[in-house]
Structures are given as structure tokens and as C-alpha cells.
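Shared between the two complexes below is subunit A, which has subunit B as its partner in the first and subunit C in the second.
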Partner chain A sequence: MTRRLRRLPGYLFLGFAALASVFPLYYMAVSATNTSQDVLASRLIPGSNLMANFESLVTQQPLWSSVWHSTVIAVSTTVLAVVITSIAGYGFEVYHTRAKDRLMGFLLLAVMIPFAATMIPLFRLFADLGMVNSPLAVILPAISTPFLILLFRQASRSFPREIIEAARLDGLKELAIFARIYLPTMRPTFAAAAVITFMTAWNNFLWPKVILISNEYQTLPILLSNIRAGYVTDYGMLMLAVLIASLPAMVIFLILQRSFAEGITGAIK
Partner chain B sequence: MTTFRKFTAGAAVLTLAAALSACSSSSSGGGDDTSGSSSSASGGGTLSVWCWDPNFNIYAMQAAEKIYQQDHPDFSLDITEVSWDDLQTNLTTLAQSNQLDQLPDIFLMQNNAYQKNVVNYPDLFSDYTDSGVDFSQFPDSVVAYSTVDGVNYGLPFDNGTAIQAVRTDILADAGYTVDDFTDITWDQFITLGEDVLAKTGQPMLTGQAGSTDLIMMMLQSAGASLFDDAGNPTITDNDALNAAIDVYTRLVKSGVLVEVNSWDEYINTIVNSNTAGVINGVWISASIQSAPDQSGLWAVTNLPKLDGVAGATNYSANGGSSWAISSNADYALAADFLNSTFAGSTELYDTILPASGALANWIPAGQSAVYAEPQEFYGGQAIYALVVDFATKVPSNNTGVYYYEARDAVGVAITAILNGTDPSAALEEAQQTVEFAMGG
Partner chain C sequence: MPAEVGATPSTSPGKTSRRRSRPPSTSTGLERRRSLTGWTFLIPASLVILLMSFWPMIQAAILSLQTGRGRDLSFADPLWLNYQRMLDDEILKQTLTTTFIYLIIQVPIMLGMALILANLLNDPNLRFKGLWRTAIFLPSAVGLVSYALVFRTMFATDGLVNDIGMALGFLDSPVNWLGQTWSARMVIILGLLWRWTGYNMIFYLAGLQTIERSTLEAAKIDGAGPAKTFWYVTIPQLKPMILLTAIMSTNGTLQLFDESYNLTNGGPGNTSMTISHYLYNVSFRNSPNFGYAAAISYVILILVAILAAAQIKIGDTRD
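Entry: the complex of A and B
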């Protein structure tokens, strides 16, 4: 009994922290069902304006095409990035030489440069390639990041070399070792990399905004920005759009939650 | 395990589909060569436009398109919705990377941003010298925003004339009418506001903390600004600014103006009856009217004027925007289109006013019957004709190339002054901040 009592402050604190982190999500969901005026008055109970908000959203904004463009860009980026950086990370660790280690150090330096500094040169590059307004111009710069390569390299460090040696003795080609032994074993790392890349690509705003000049391939974050642009913001509609924009990232995270946690902590089964 | 496998398999299929569709779309996107200049070969022609509000300026552009099509059936517009902040980012990127062929024919620009953009990125603009637009039919103060060295770079669209909107029901509770707040000075306003606060518990105004909108409106009402004619900052040694800061401090300390933390909260105080009045550009009317339960309870009048400042008036402006013709434009078509609609069609302004509240800067439009119609929401007042009349009385001032930098620095100074810093020290620091930003 006393032990339970002693734990009470801890539970209270954790309960409060949990409430504080869930509340914004709750507020977003409830606000999506209220009128703009109710949202401004901080109404905390669900209202009956959900369908009206939805109707304004689909009539005033290209919702479905934006969802489609965001999905295409985020999924392509994720798959390409995971494939490329996992091979790179594996290579840096398994075939490492001093020169490659130095190259890795150089790559990590690139993490320090803020995107704002590289944006104009990057834009010129893609403009010269005739790729302004092309979704490929959004995908390509994101498919290989030093951070993901580092993630895979560090994870590969705990991958037992004996297995690779044994596989080589059994006559397996290098690519087959990667695909049939390394990949299934490192599942949590792949999941973590996928979740991180997908969320970054899904929420990416500045670069798509700059390179997709016409709204032909408008993504969801750009749509959200446009909703707020006018003199009058329909907050109910805005919150519904935010809710829709948040759903895929939440779903992906929930599906890969366990693997994600394992991947981040670097555990291997 | 199986979930993971299914997920990866699904993802792989999706990517393939995605990459295919992305590729096909990019080739079609590349082929269509984006914007404007390749247009008018066909005779009618298409103009590309960047602007940002479907209920307001995009709607106005679409209405203008229909009117121009009456005489030019092959004409069409290709409008891209892009928020102002993003539009500015696009302009900066295109100018700095010298990719001007990506510019649209026409874009909308905030009046306060004109000087900065024209001076820093002159290559973005075509000037209006050969457009045939008669700028004398627009208020001088509005044309001044987009004029650099005597050359026009913008056709005024959105009217930013400042209004004082008051809640007649709350004033009545305190024993006042809107007439008591008309043609007064800020000293009188504070006295009246204190009485309204004591009797009803409501402040006369609300405002976003750290925002300098009200200060800038006070400055322009006296024809003053934060820069002298040579473009040097005059934050220290500026009588109008000192008077405006003095008024603002007294408003906040007396509780006649309540500061809130964000723009959303500011709108909230208006639509949920937590203030007896609002002072802002006439465009705030759209937000006021988003609370239908307050219909009939509002009235509009002019602003209080600064006491003891030379050139002080009861009229000012905040915001507003103008149409720019880009350097990549089909100039002849763009100029003719704008000249026959936004600078020449009463029909256009009569269409867009009731539906979107877009109020004209083009003076002839103000004489139309539509402007003189009583507005039920404002207790039957013909507020639009009133505001068009206000607009002609707004003094011109010099926005300055570093308008936003100066405004932000003054905002910081005001917050410091309200927290007890000596005003002259705070303004001296603001002056230095702006001089530093200007590279001097």
C-alpha cells in the first residue's frame, strides 16, 4: 500500500505528461468537426460541422490530387532512399578502408550545412536540367542523406561478420548476401529508416514549394499553407486538412512502431 | 513478420507505380513550358497569374477574366494559388538564380513589399510606363507604394484604407454612439475608451503583442514613416513616431487596448465579442462579418488622429496589394487586360464587391450604385462608399526599402518600452538594428 502511495506522484506526473502530448491531437480532431467561430472560441467538444468543413475543403482546394502527389513523392522517396542508403551504409562498414572512412567523415560534414544555403544552387541545377515543376526534382535530392547512411553503417557494425564469411564459403554472391541475409536480419533498422524518411518527405515544405512553381503537383503541406493565405481563415476546414495530412504518418508509424523502436536502439534479434 | 513482408511488398509495388507516374507526369510537365510568354501567338492568348486567396483576389481575377473574354473570346487566365510568403520565396529564388523565364505574366504583391523588391530585384518587373493605365484615377497614397524613382510598377488592387469599426451595442451600454468616436483625437479616444471600459468591462481595441500595425497606421495618418526621403531610417528623432509610441503605451497601460499573443487570438476577440472596436485595414471587415450573430451591431468611422503632430489626419491605411507585370510577361496583352479590367471596368468592381468584399482603389468605381448600397451588417451604413471616400484622404508616405526590417525593430522596441525600458534607449537600439541590416 505504501509502495503504491509512493509511486503516486510519479504516475500523476506521467499521466499529466501523457495528457499534454495527446491533447493537441485531440484538439485537432475535435476542431475538424467545429465551425471556424467555435474553433476560435476553443470549443473542446465535438461539433456537427465535419461534413460542411469537408465540403468546403474539397470544393475550395484540390484535396485529392494533393494527397496523391504527396503519396507518390513520399513513397518513392522512402523506397529509393532506403534501398540506396542501406547499400551505402552496408558498403561503408563491411568493405571499409581508411579512404572510405574519410569519405564518410566528409559526408557527415554535409549534415552541418543548412538547407537554406544550398537551396539556390540546387534550384539552378534543376532549372538547368529542365526539371522545374517536376516531382522528380523533389524526390532526387532526398534519396540519399548522410544521416541514413550513418544509421545503416552503425547498425551494420553489430551485424556478425561470421555470417557473411559463412555465406561466402557457401558460394553466395555479395549482392545475395545483402538481400537474403543482411536485409531480413536488419528489419528494424530498415523500418526505422523508412519511418524517418517517409515522415520527412511527407512533411517537406520548403523545397517542394520552391521547385514546384506551378500548382500542378501541389503537395499537402503546400495546400495547408494556401488555406492560411487569405484574409479570412476557415479554421474548421484548416483543422480538417491538418488532420487528413497527419493521418498517413500516424498510420505508418503505428504499423512499424515496434520495429522502429528496435531500429533506433540498434537491437538485432 | 508477415505484416512487415506484406508492407514491404506493398511499398515496392506502390513505388514502381509512383515512379512510373512521376516520370510520365514530369515529361508532360517539362513539355508544357510553364508560364506566360509563349502565349499570345494564337491571338487570344493565356496569361499566367500568381495570387493567393480563392475568396478574394483569385475570385477577382476570375471575374476580370470573364469581363475581358466578352471582347476577347479566346483569352484565358492560368491562375496559380500561392500564399504571399511563398510567392515572395519564389520571387527571391528566381531572381537570385536568374531563372526569370519561370515567372508568370502577372503577380500580386503586398504594397509594403514593393520598394524592397523593385530596388533589390528590378529584373523581376516590367514598368507601367507604356501600359496606358491612368494612375491619376487611383489615390496618390496607394500609387506611391509601387512607385520607385517616379516609375510605376504596380496597378493598385486591394484597398488597405484603415477603418475604425465599433460595436454600437457595447457603446450604447456606455452611453455613446459612433458619432462620439468620429473625427476625434487619440487623447479623446483614450478618455472615451477608459469610460467604456469602466462601464462595460470591454476594451475599445485589441492587438497582437509585438505587432506594429497600429503604430504604422498612426504614422501614415500623419504622412510620416520610419525613413526620410533619402531612405535613411529616422527611428530616433521622429516626432510622429514618439507621439504614436506614447499613445500606444497609454492605450495598453489604461487597458483600453488589450494585447493578445497571436493573430488567431486577435480574430477571436473580434468574432467572440471580446472587444468594443477594431482599427485596421478595411479588409478586416471580412473577418468581422464571419460572425453572423453580430449582424447589425457594427458601425464604421474614421481613425482618431495624433495630437500635436504636424500633418496629422483621421485617415490612414494598412496593407493592400497591387498587380505587377513581370519581366517575363506578354507585356502588351497583360497591360491591355489589366487596363481594361482593374483600371477601367466598373462592372468588375460591382461584381466582386458584394461577393468577396474586394474594395476598389480605382476611384471611378466608388461612384457606382453598388458602393452606395446600405450594408445590413453595419446597421444600414453604406460603408463601402464611405471607405472609398476615406481612401482619397490618406496621406502618402515613404514605405522604404527596409520597411519590414524597420517595422520589426520598432516592434521589439515597443515591447521593451512596455516592459519599462527608457523609450529613447529602445529606439536608439532599433535605429542601430536597421542601420546594421542596411549594411551601414
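Entry: the complex of A and C
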């Protein structure tokens, strides 16, 4: 009994933290079904205004084009990032030489470069290339991070060398070994990298806001921010827009929580 | 949901870089050709980092010595003019101070709570472990703009927090949370705690997996209570992880933008504005001044480097 009692503060703290973590999301979801007045009157039960909020959202805001742009950008970023960083991580580990190790060490320094310090020259670079408002300008800076390369390099370390040697004896080309043997065995690492890259790209705000000047090309976070900046805020509609913007990342999280955790902590082990 | 976070088999900590002995490389023709293949594998990703991070960083350094409006730039006279100008920039000092207030208040509270939560979740006898972890980790999946707007709505003058506060008798009249300097800053800090505590907890949980349970058992046998065990046995073993999260959080706080822009819009009177938000305004609002903005961005870069170096130094000497 006393042992149980001693655990009580721990459970209370966990319960408080869990409740505080979930409540704002519950509030967001419930408010998406209520009118603006009901949201401000702190109605905490689902209402019947969901369709009306949706109606105002699609008539007043370019919802579908934002969903489309966000999807194209996040999916392309994820595919390109996973392809080029996985093969790079593999290359750094499997064919390591002193020069490659030095290059990796140098690339790692990029983790410490704040985005703020590269934002203006990047903007000028893409402006010179005539790529303002181009999705490609959003995608390119995000497709390679030292973090992802490191994640795949660490994973390659646990990949048995004997398999590579055996495949070589069987006459497989180096690229085929990577694509046909390494890739299928390292699926969890690929999932982790994909989840973390998709979420970051899906939620990214500052750089898309800088380079996508025209509202025609806006992504979902920019749409949200523009609703906020309007004169009168329709809170029901705003919370529905927030819900729509958050849903894909949250669904992925709930299904692939483990991959996500692996994605953020993986490279450091 | 079977989500055993960070439970993957991984190499044990402590051993640095080279964890696996490699066959000595003989420089036969075959070896050299393979090494060349390796280069072609890693060149695309490396080039992107060089062109999208290092090259712009150098460009920003040059830009910070230039002056002019828009694209019409020339070298300043004296060269350090932009840096000199910062000394008289009241908004810059204001936003820098605000950013440090966020850093000093939020990061220690967040990391402390994350440590306690991770330690509680690491208890093998805990019930509903997956449920607690999923709930506390969930905010990490929410976009920064999204949560900033949810918090903005909750803390509106006629919003939820005031309604609850008045119903429970904590408040006599509605508070204009986002319209006053300190309450606006507090709302941003609360938002940051909500969004990032679970995220950092995951790092500590991953770190706790690598701690030998026998060291905790030994402490218990020696008569140490849970608090003492936590402080003298767990924390020292988690030190590398604490250092890492502290550096990441400091780095992130110095670059705070989405919350400042969307939650409070920097207000009232720029007093909740972060330095990155100010940098954005100087760069892309009104008449853009890229030279001066680049100089401000270098202040952020230098602060990130100095604080990271300082934390590594402190982390190294406290043995």
C-alpha cells in the first residue's frame, strides 16, 4: 500500500503532463465544429458548424491549392532527401577513406549554421535564377542535411560487411548491392528518415514564406498565417484550417510513432 | 500501439567514432575503383550542403559588409558600418533581450520537466506506459504555426483561458494576455514548453535505455532513495544527452520565428519579438536592407557558436 502511495505523485505528474499535452489539440478539434461565437464562449463540446466552417474556408481561402502545394513540396522533398542522403550515408561508411571521413566531419559543421544566416543569400540566389515562387526553390535547400546523412551512416555501420563481399563475389554491381540488398534490410531507417523529413517539410514556414511571395503558390502554414493576419478572425474556420493542416502529420505520428522517435534521435546513437 | 521508443539495438555508448574495425585497405585497382564509386554516391548530398549552407553562409559574411537598398549594393565605408549601426539599434537590443529571456526561462524548465517525465516513464512497473508516452510526445507532431494559432485563440481576451480563470475565481476581469509585454512573453514560453517538452523527453528516454539497470539496483541496495538515485546515478550517465538537448534547444531558441510571428506578431510594441523575427522584418518588410540584415544574421550565427562552445566546455569539466 505504501509503495503504491509513493508512486502517486509520479502518476499525478504524468497525468497532468498528458492532459496538458492533449487538451489544446482537443480544443482545436472541437472548435473546428463550432461557430466563432461558440469558440469564444469556450464551448468544449462538438457543435454542428463543421460544414459551415468548411464552406467559409473553401470560399474565402485557397484551401485546395494550398493542400496541393504542401503535398507536392513535402512529398518531393521526402523522396529526394531519402534517395540522396541514404546513398551518401552508405557511401561514407562502406567506402570510407580518410578523405571521406574528413569531408563528413566538415559537413557536420553545417548543423551549427543557423538558417537565419543563409536565408538572405539563398533568397538572392533563387531570385537570380528566376525561381521566386517556384516549389523547387522550397525543396532544394531541404533535401540534404548532415543529420540525415549521419543517420544512414550509423545504420550502414550495423550492416554486415560479409553480405557486401558475398554479393560482390556473385557479380553484383555496387549500386545494385545498395538498392537490392541494403535498402530492403534497412527499411526501418528509411521509414524514420522519411517520417522526420516529411513532417519538417510539411510544417516548414519561414523559408516557404520568404520564397513563395505570391499567394497563388502558398502552402498550408502560410494560409494559416494569412487567416490570422486578417481583420476579423473567424475562429471556427481558423481552427478547422489548423486541424486540416495538422491532420496528416498527426496521423503519421500515431501510426509511425516509433519511426518518428527513431528519426529524431537515431543519428546520435 | 507498440511503440517502444528508442529500444532498437544499438551500439553501446561511450565508444567513440570508429566502432568497427575495418579491413586494412590495400590500394589495388579494384579498391581504388570502389573508392571512386563511393565518391559518386556521396557527392550529390555533399554538394547540396555545400551550395545550400556553406556557400550562402560565406555570401552572408560578404553581404554584411555591404550597404544599399534592394539589389543596389556596394561595400560600406567603413567596412564594419553595419555592425557599428547595431549599437544604436534599439529594436535590435530589445529583440535580443527578449530572445534571451525566452532562452533563460524556458530551456531549463523544459529540460528539467523532460528529465523527470523520462525518468518516470522508465520505471519498469509503470502502468499505461505507452499511453502516457504517446500523449506527452504528441505535441511534437504539430506544426509550429498550427500550435501558435491554437494558443493565440485560447489566450484571446474573450477566449478560453480568461473564461476558465474567471469561472474558477482566479481572475476578476478578462486579461489582455497578448496585449501586455510580460503576459505575451509568458504565453510564448508556455507554448514552447507545450511543444518541445515531449520532444526532449524522447531523447532522454533513448538515453535511459543505454543506462545499465544494475547501476540503479546497486544504488538501491546501497540505500539511496529514488531522488538520490536520480541525481547521483541517472543524471551523470545522461550527461551527453543533456548536453545535446541543451545545445539543440539553445540553437532553436535563438532562431525562434514562427511563434513570435504568428502567436503575438511581436507585440505589444515589439516587446515579445524574437531576433529572428526582427531579422525577417529588416530583410523583407518595408524597404529591405540586405546588408544590415546579413550583419544581424551573423550576430545570431556567432551567438549560436559561442553558446554551443560554452555548453560543451561546461559539460566537459563538470565531472
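Some points to look at:
Note that the second predicted complex is superposed on the first by the 234 of 269 C-alpha atoms of A that agree within 3 Å, B and C clash if a C-alpha of one lies under 4 Å from a C-alpha of the other, contacts with A are read in each partner's own complex, and residues count from 1 in each chain.
Just so we're on the same page, a contact is a pair of C-beta atoms (placed from the backbone, for glycine too) under 8 Å apart; a residue touches a chain by one contact, two chains touch by 3 or more.
If you're wondering where the values come from, they're calculated on a predicted model, not measured in any experiment.
With subunit A as the common reference for superposition, the partners subunit B and subunit C occupy clashing space. Of the two partners subunit B and subunit C, more residues of subunit A are touched by C. Of the two partner chains placed by the overlay, only subunit C lies in contact with A:Tyr90; subunit B stays clear of it. By the touch criterion defined above, A:Phe115 reaches subunit C but does not reach subunit B. Once chain A of one complex is fitted onto chain A of the other, the partner contacts of A:Leu40 extend to both subunit B and subunit C. In the superposition on chain A, A:Pro146 makes contact with subunit C only, not with subunit B.
Of the two partner chains placed by superposition, A:Tyr182 touches none, neither subunit B nor subunit C. With both structures placed on the common chain, the touch criterion links A:Arg124 to subunit B and to subunit C. Looking at the shared chain after the overlay, A:Trp207 reaches neither subunit B nor subunit C.
Of the two partner chains placed by the overlay, only subunit B lies in contact with A:Val232; subunit C stays clear of it. Of the two partner chains placed around the shared chain by superposition, subunit C is the only one that A:Phe13 touches, whereas subunit B remains out of contact.
When the two complexes are superposed via chain A, 93-101 is the only one of 39-47, 93-101 or 327-335 in subunit B with C-alpha atoms clashing against subunit C.
Comparing the two complexes, residues 40-41, 119-121, 123-124, 206, 210, 225, 228-229, 235 of subunit A contact subunit B in one case and subunit C in the other. Taken in their complex, subunit A has these residues touching subunit C: 10, 13-14, 17-22, 24-25, 27-28, 31, 39-42, 84-85, 87-88, 90-92, 94-97, 100, 103, 107, 110, 112-125, 140-141, 143-146, 149, 157-158, 161, 174-175, 178, 188, 199, 202-203, 205-206, 210, 221, 224-225, 228-229, 235, 238-239, 242, 245-246, 249-250, 252-254, 257-258, 260-262, 264-265, 268-269. Across the complex, subunit B is touched by residues 36-37, 40-41, 60-61, 71-73, 75-76, 78-80, 119-121, 123-124, 127, 130-137, 139, 187, 190-191, 194, 206, 209-210, 213-217, 222, 225-226, 228-233, 235, 255-256, 259 of subunit A.
Subunit C makes touch with subunit A in their complex at residues 1-6, 8, 10-11, 13, 19-20, 22-23, 25, 34-35, 37-46, 48-49, 52-57, 59-60, 63, 71, 113, 116-117, 120-121, 123, 126, 131-132, 134-147, 149-154, 156, 158-160, 163-164, 194, 197-199, 202-203, 206, 244, 251, 254-255, 257-258, 261-262, 265, 276, 279-280, 283-284, 290, 293-294, 297-298, 300-301, 304-305, 308.
Interface residues of subunit B, counted against subunit A in their complex, comprise 3-4, 7-8, 11-12, 14-15, 18-19, 21-23, 25-26, 29-30, 34-35, 52-56, 80-86, 89-90, 93, 96-99, 102, 264, 267-268, 271-272, 283-284, 286-287, 290-291.
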